[in-house]
Amino acid sequence: MENLSALDPRGPVAEMQFDLIMLSTYVMIFVMVVVFSIYIYVLLRFRERPGDTHIPEQVHGNRALEFIWTTIPILLLLILAIPNVMDTFTLADTSAPTEGEGVEEEEEDVLNVEVHAHQFWWEFIYPDHDINAGQEMYIPTDTRVNVELHASDVIHSFWVPALAGKMDNVPGIENEMWFEAPDEGVYFGKCTEICGASHWLMDFKVIAVDEGTFSVWAENMAEPDPEIVEGEGEVAAQGREVFEGNCINCHAVGDEGGAQGPNMTNYGEREVVAGFLDYTEENLYDWIRDPDALKPDNEMPGFDESAISDDEMDALIEYIGQQRVLD
Amino acid sequence: MSNSSTSKKSVLWDWLTTVDHKKIGIMYFFGGLFFFTIAGLEAMLMRIQLMFPEMSFLHEQTYNEVLTMHGTTMLFLAAMPLFFAFMNFVVPLQIGARDVAFPFINSLGFWLFLFGGLLLNLSWFTGGAPDAGWTAYAPLSTTSAGHGLDYYIMGLQVSGAGTLMSGINFLVTIVNMRAPGMSMMRMPLFTWTTFVTSMLILFAFPALTVGLLLLMMDRIFGGAFFDVAMGGNVVIYQHLFWIFGHPEVYILILPAFGIFSEVISTFAKKRLFGYSAMVFATMIIGFLGFMVWAHHMFTVGMGPIANAIFAVATMAIAVPTGIKIFNWLLTLWGGRIRFTVANLFALAFIPSFVMGGVTGVQLAMSAADYQFHDTYFVVAHFHYVIIGGSVFGIFSATFYWWPKMFGYRLSESLGRWFFWLFLIGFHLTFFVQHFLGLIGMPRRVASYLDGQGLNEMNFISSMGAFMMAFAFILLVINVFVSRKNTDDVQDPWDGRTLEWATTSPVQEYNFAQTPLVRELDAFWHEKQFGDGRMKAAEPLDDIHMPNGSILPIIITTGLTVASFGVIYSTWSIIILGLLINFGAMFVRSIKEDHGYHIPVSEIKREQGEGK
Amino acid sequence: MSHVDPSAPLEGKPSKATERKLKNEARTQIVSFVFMIFITSTAFLTVASDVIPTHFAIPFILMLAGVQVVMQLYYFMHMNAKGNGWINVMLWSGMFVAALTVAALTVIIGETKF
Amino acid sequence: MADQHAAANQPLPANPEKATLEGRNKYLGFWFFLGGETVLFGSLFGAYLGLRGSTEGAPGPDELFHLDLVFIMTMILLTSSLTSVFAVINLKRGHFKKLLVWMWATVALGAAFLSFEIYEFYEYYHQGLGFTVSAFASSFYTLVGTHGAHVAFGVAWITTLLIRYRKSGITLSNAPKFYTAVLYWHFIDVVWVFIFTVVYLLGVGG
């Protein structure tokens, strides 16, 4: 799939890392060519031939050779070590954008996002915009994003291969990283630290949109249209009631509701349910009925028909589908 | 003092009580092979699950248990014991010793390994195996439900104690028990790597002991080491684990380096090129093994200075490793290379390991590692070094030393089939995994979604795994069908080192007279410049031998019972276990047992038969 | 053929030279002991008396501990005796690894970035 | 074999603990083991130092520690190191009775140390420092407790030796046992020196 590959970098950080990967690959291919050539020559030239009984000369060693194959690798490693050290410092520098290397923004152009990882979903808090978003991280293009990583239960790791290498979400410790997306698009992200049974399903998306769209998104996320929040139309209004009766303790729409589960303000715009299932009414239905069957060990309880009848479920799904902020 | 007349006891009792390093070596071999098979089956389960996207062959929870047990079993219970098998069997012979320094502790070490391993695997039947990966990072490991992680902690604690004892035993054996003339710089390279490996064990395992102890404190006694709410810090566990864990991977590779050095020089019919450089490189690798652990933690947030330092230190390891590779190539250069199965594995090791080594250098680059870390790229890398290095080393040693250990030669033709299938299967399985990692497949995932471009390579990888499994079956068959190849087993490869100067099977006292060592490759030297037999360093005399003992098993049983008590937090069982354990230790310490002597007459008779 | 019986009591006296050496040793041990008591008390007083500023006290008492350990190892445990080369290698290697561990666990556990 | 009993008593070698290969192996192996123990304690020290600030509202070092008590404990352990040194000197002299006396003195001092430590833990517990109350508490008890367990094991070990060999005289087989037990005892003392300094003195003064 597009935008999931570290080999197809879509931003300056991933590019920097891709360049390092390629540099090291070239150096390493050179090493392999040298070793393999000697190897193949030796095996062909010095194999035992039928009837050969000579005793080879018992050579002890050769100091000059030892010196050569100690020195040359050191030089090759220096070629890799120097850019690596420089990049390591560049990547760790989340203080403020530096001049050069395509990064020219002013400090106020930086977008700060706190990433909170949970078993098994992602929460994105935009402290400067008063936004709490679940599973999808909207960012404006061409803006440096400074990310602060947190974890609420076990260790997770935040990885968006096409934009930036990963950094761990460690409980009790605050990590930082940054990246930038010059192009609009959806960039796929995954958790890369084993975090329990549904580790493999802990996917998320970074969605880069143009500056204008982002400000619409940000405004509506912070203060969604009250009509939508209450549910437009009779069915949705009934859905809102179901939502208030069952969901709101953990899930918020706008600023109303708990934060144990992902924020649902823009749920209707999601492409997937639960981070990985195609957004269809059937999938949403299955998910609410029995989340554990789809994503083992996750925190969301199931709601059987005694809790939410099929009719109520239709209303709820209709209501959820209405929760959109971009149109 | 007991009598020398070895009254024939039952075979089973003999093996249960033996303190003979050769028998212990053989038990390590089969113990290791048993766990190797189990861990291999676990690998197959994983590859079946990953053959197609979104498979539900295994439940996610089961998958996590399988992956944890695969890693843990392979490293602690398969690879290390298999090396211990050869170390135990071969090292005393290579240095011309009658036995190891501590035969009793040697036996204790084996039983601790075995019981620890069985204890760990028992978790499958008691409600679920550990599921937090072989690294068992807190807090996933401290909060994991059920008792799986408790089994992990206690199983590794028990077998780790055995490993530490074995390490000390090898160290003292090599320092104190070398035959006259066997200076440190005349020791065969396998003995050298055993020595350095044992040093790594001595200094690495205590860190694991503490790491596991802290996990135990948190899980069982409510400690707060890794409980963030109580002020704990989860990174501490990662440091402790990797301060052990990185030397551990060198514990797994150095003995293989030793084996390849022996095999390559034997089958090239040449002295090892740059012997002293090889010894020096081994020591440097051992030293650097302790300096680089944090490269497993680049993404944990230590900061750029720490990352940069550990990155550069890690890269430095490529230098001594390169020295070794080139010295092996130059050993082959000008030689007369025979392609026996043992040597095929040694030769296949060179390119395979170089490929694992270069990805190691790539991983060492911290900035790029942010992309590699915890993806299938890493999985590919460490399988290239552990299979391409350690496992090839084990197979090479199996074919090389089999005649000495078991008195018959494994079939070369069947062995060749095994080799080629295994080699091709191995590269098929793991080469594609480099790319899987780079295009977005994290490691330790129970499955992957369709439509992300991961399907084809995962399928190829699984096919390769089937080939390896099939190849392994050929090895097992080989063990059974080759049993008639009992001719030419004393020195079938025109060996260079002292173990080939003994009879096959080796007498319980190894050497009737301690040999006098005059050169590196002592036996080769006598074959080239002497009469083909080792000179004796002492007159023929009675030989002192240690008595066997059942106590190691009793001590181990006690510890295992106590471990159960800990797992289920039951004080009565803990106390019962400790009583058995300390009781047996007490008996051991108050019972004077000075072994027995084999009289000259009997030795002469056996030597006569041996001719 | 006769073999040495390890359970037989050892008899007789050590040689004059050994006896002299042991006597000297006993004296050295007592002196070391007194010195160690002195060091420990100094460290104790450094902290207990509160007169010495902290930034000086910490390295000072750590140094005293170091001195005392070396005395234990070399005077009480005879690590410097002849033929103890490997023992020195192993013990100092152990201390080296222990020092690395302590440094890692106090410095790079993520709370402060370096 | 009958002739072995006839082979009567052996003359005293200069270093009876290293007079046989078995003895030399034991001596060397035990030292190597101590090298490993160094890492074990290093790791525990590291964990303690990493967590010692995390008292989380529960009592911390400066509120808890009675330096004078700990100072007495230190003196006891130091003295026991000296008594064990005298034991070794008498081992080499061939003075079996004195060896026993000094070893018993060592055991007694060790037991005294242990009782102080138990009292100390008891005190802290009643001042609100349970094992589970904070990361500091867990790491403190684990470090100091592991040392205490070593002392307890040493006391038990030496006592066993003393009872087992109460009448045997010094032999080639028990000399290395006494010697290694004394090495172990010194090592315990070495570790305590660090605990005294790093945990207690720095806890109060640092």
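Structural remarks
Read from first to last, the chains carry the letters A, B, C and D; within each, the first residue is number 1.
The definition used in the following text is that contacts are C-beta pairs under 8 Å (C-beta built on N, C-alpha and C of every residue); 3 or more make two chains touch, one makes a residue touch a chain.
None of these values were measured; they are calculated from a predicted model.
With centres computed from Cα atoms alone, the innermost chain of the structure is B.
Between the chain pairs B-C and B-D, more C-beta pairs are in contact across B-D.
Rounded to whole angstrom, the centroid-to-centroid distance between subunit B and subunit C, based on C-alpha atoms, equals 35 Å.
Chain geometry summary: the mean Cα position of subunit B and that of subunit D are 33 Å apart. Centre-to-centre spacing of subunit C and subunit D amounts to 13 Å, using the average Cα coordinate of each chain.
Subunit A and subunit C have Cα centroids separated by 52 Å.
Under the contact definition stated at the top, the residues of subunit C that touch 2 or more other chains are 1, 3, 5-7, 86, 90, 93-94, 97, 101, 104-105, 109-111, 113. Shown for subunit A are the residues in touch with two or more other chains, namely 92, 170, 173, 175. Taken residue by residue, subunit B touches two or more other chains at 1, 171, 175, 202-204, 207, 232-233, 235-236, 239-240, 243, 300-301, 303-304, 592, 594, 597, whereas all remaining positions touch fewer. The residues of subunit A lying in touch with subunit B in their complex are 1, 4-7, 14, 16-18, 20-21, 24-25, 28, 31-32, 35-36, 38-39, 42-43, 46-48, 52, 54-62, 65-66, 69-70, 73-74, 77, 80-81, 84-85, 87-93, 149, 153-155, 157, 159, 161, 164-168, 170-176, 188, 190-200, 203, 276, 296-297.
Listed in rising order, the residues of subunit B touching subunit C in the complex are 1, 171, 175, 199, 202-204, 207, 233, 235-236, 239-240, 243, 290-291, 293-294, 300-306, 541-542, 544, 592, 594, 597, 599-600.
Subunit D makes touch with subunit B in their complex at residues 1, 4, 21, 24-25, 28-29, 32-33, 35-37, 39-40, 43-44, 46-47, 50-51, 53-56, 131-139, 142, 146, 160-161, 164, 173, 177. The residues of subunit A lying in touch with subunit C in their complex are 92, 170, 173, 175. Contacts from subunit B toward subunit D in the complex involve residues 1, 3-4, 101-102, 164, 168-169, 171-172, 175-177, 202-207, 209-211, 213-214, 217-218, 221-225, 227, 230-233, 236, 239-240, 243, 586, 589-590, 592, 594, 597.
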